[in-house]
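Chain lettering (A, B and C) follows the sequence in which the chains are written, and residue indices restart at 1 in each chain.
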Amino acid sequence: MIEAFFNIEIMKAAWPIVLTGLWNTILLSLIVVPLGLLGGLILALLASIKNPLVRWPLMAWVDFFRAFPPLVLLVLLFAGLPFAGLELGGFACVAIAFFLNTGSYYGEIFRAGIDSVPVGQVEAARSTGLTRMQAMRYVVLPQAVRNVMPDLLSNTLEVVKLTSLGSVVAVPELLYEARQAQSITYNPTPIVMAAVIYFLLLWPLVRLLSRLENRALAGRR
Amino acid sequence: MSGWDKFVETFFNAKVMWKYLPDILSGMVVTIELALLIVVTGLGAGLALALLRSLAIRPLNWLIIFVVDLFRSLPPLVIIVLMYFGLPYAGPAPSGFVSTWLSLAFVLMAFSEEIFWAGITSIPKGQWEASRSTGLSFGQTLFNVVLPQAFRLTIPPLTNRTIAITKGTALGTVVAVTEILGQASSAMSNSYNPSPLMMGAAAYIVLFLPVVVAARWIETKFAWKR
Amino acid sequence: MATNHIVDARAIHKHFGTLHVLKGVDLKVDERELVFIIGPSGSGKSTLLRCLNRLEEPSSGSIVVDGIDMLDAKTDINHARRRIGMVFQSFNLYPHMTALGNVTLALRKVAGKGRAEAEALGRVALERVGLADRAEHTPGQLSGGQQQRVAIARSIALEPRVMLFDEPTSALDPELVGSVLEVMRGLRESGMTMIVVSHEMGFARNAADRVVFMDDGLIVEQGPPAAIFENPTHERTRAFIGQIQRH
């Protein structure tokens, strides 16, 4: 058992490979999280224009990507687009797929946050002469973000976990490198290493979240 | 041939689509089976853990919290890969279908336990006291007074989470499950044409979009008003 | 333990961590008696009340209610509690059930009545608190005063031998207090044994048989309302009464 899953020799041999994967996962997260946040913010700001002609297509867009498995989106970009003469490479595909998918999730969260700020806040801000954008920027958004902080963090956790999909399109992140190491060594230890690394990396965030979520649900009453 | 015709010919090739339609449909059946299994077992196990946790047995609760944290921290794909490629080294060799089912059920269990538990703890102490003061037992109070209120509170987060995790059935394709994406991918490489992939994408939309729209409706309906 | 009191609590102590909330309280209540407990906040009066039906576990002492030893491990506490009604400051109605559902839950689950019988009894109880026409309303559709009367109906439907009231009117708007006190007065006239923690001094004066003044975890003095309100013997009682009456 130990021999198979926690083989010290193999750990030593696989460590440099797995470490490369870890750095790439961190790097990938640092790119796709801000990208998703940006996409979400754009969607939410557009949705705050209370015009049904804007709001309904946006809702459809968001629901479409919430219904669409991210892996399918990724495969579509990676394996489908070359038939149209567009070869983007794994990394670019991951970035675009995440922008569309996680952007929709972040968008819903930001929208809920903006909706949670009482209208009186905007009225007060506008009454002091702030423009609509200024009211949004200085009064509404800061409160909105604070109100939905647990959801934002929770989605960010999901996004970081989702970067493991990169392994399917040969992006050399943690899971991909671990599987490479596994196929070289004929031993599952590298995958166990990857799992342990994911756990150590994300456990603090999970702990924090479970505290915040408990409080948030209790506060809804 | 104009550019548009060429595009349609490539991505929506009628002949290819017709040929591989049965494959995609059988993939849909597998996806639905997998999804239902995950939902039933995942939510059932999550509720069971939350009820166990309400008994407030210290060491047991630590164990529950650890298991929940573990499955919330690990990417589902990592769990699937570990189960499918790793577990055989220790003896049992679950199929791709079973690996995907169990992995995602564990993940849903973890998330739903958190949500159920938060729902249970959010019910004010006074509800317990009122019920116990009329002679209802702990279990009767839990099932008649606390859980009905907790469920109402947990339905919106629970539906959203369930959808997100059930969509993960597509990950099964990595471990050779013949669900929609798996069927579509192999059809694509057999036909050298992306039309099956477009069909697969459409199949996901057909399956999941109604659920997402329903979830949006549920969210407004169950918004807590007092 | 032979006793001719319906409630017989002796030497009750209660600690919350390092806090000593009840410091040896004795309380005996006769059948059909209305005992009013007053005292400054933090004096332990609510805790005493909650010990009587063991919502709070006393640290030591003995409690016998209607011949049942409440602290005996062999006592079926759920069965005993059915005979001790409790009304809370915050009503604690079940928000997911109608008024009738609130009243019939324990009738069905604890008293083992069938649905039809439980509902018949429930309607009688709602009738007694003047809310027969509100049976199908949920708590959210009722005023605070109506909610508290439903809560009282929830207790009396179980035909309790004693009723405990924990500041039943403190969470109500002033104009709604009267309707709840009216129901309590009706209960008293029907011969219900009642122990009431409340600041409604007017009600205490003309309805109570006995007023108990508690301070700092102890009963300082007790007697008929007239005696306690007009001629308190203890300095602390005098100070408290004076303070109340200035309001």
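Heads up, the rule we're going with is that a contact is a pair of C-beta atoms (placed from the backbone, for glycine too) under 8 Å apart; a residue touches a chain by one contact, two chains touch by 3 or more.
Everything numeric in this text was worked out from a predicted model, so none of it was measured.
Because contacts link the chains only in sequence, without closing, their graph is best described as a line. Using CA-based centroids throughout, the chain positioned farthest away from subunit B is C. In terms of Cα centroid distance from the overall Cα mean, chain B ranks first. Spacing of subunit A relative to subunit B, judged by their CA centroids, is 18 angstrom.
If each chain is reduced to the centroid of its CA atoms, subunit A and subunit C end up 54 Å from each other. Centre-to-centre spacing of subunit B and subunit C amounts to 48 Å, using the average Cα coordinate of each chain. Not a single residue position of subunit A touches two or more of the other chains. Touching of two or more other chains is recorded for residues 124, 226 of subunit B. Chain contact summary for the complex, subunit C toward subunit B: residues 53, 55, 78-82, 84-86, 88, 90, 92-96, 105-106, 109-111, 140, 151, 154-155, 158.
Contacts from subunit B toward subunit A in the complex involve residues 7, 10-11, 68-70, 72-79, 81-82, 85-86, 89-90, 114-115, 117-119, 121-122, 124, 153-154, 157, 163-164, 167-171, 173-174, 180-181, 185, 188, 193-194, 197-198, 200-201, 204-205, 208-209, 211-213, 216, 224, 226.
Taken together, the subunit B residues at the contact with subunit C in this complex read 124, 126-127, 129-137, 140, 144-145, 148-149, 152, 225-226. If you check the complex, the residues on subunit A that touch subunit B are 1, 4-5, 59, 63-64, 66-72, 75-76, 79-80, 83-84, 157-158, 161-165, 167-168, 175, 179, 182, 187-188, 191-192, 194-195, 198-199, 201-203, 205-207, 209-210, 213-214, 217-218, 220-221.
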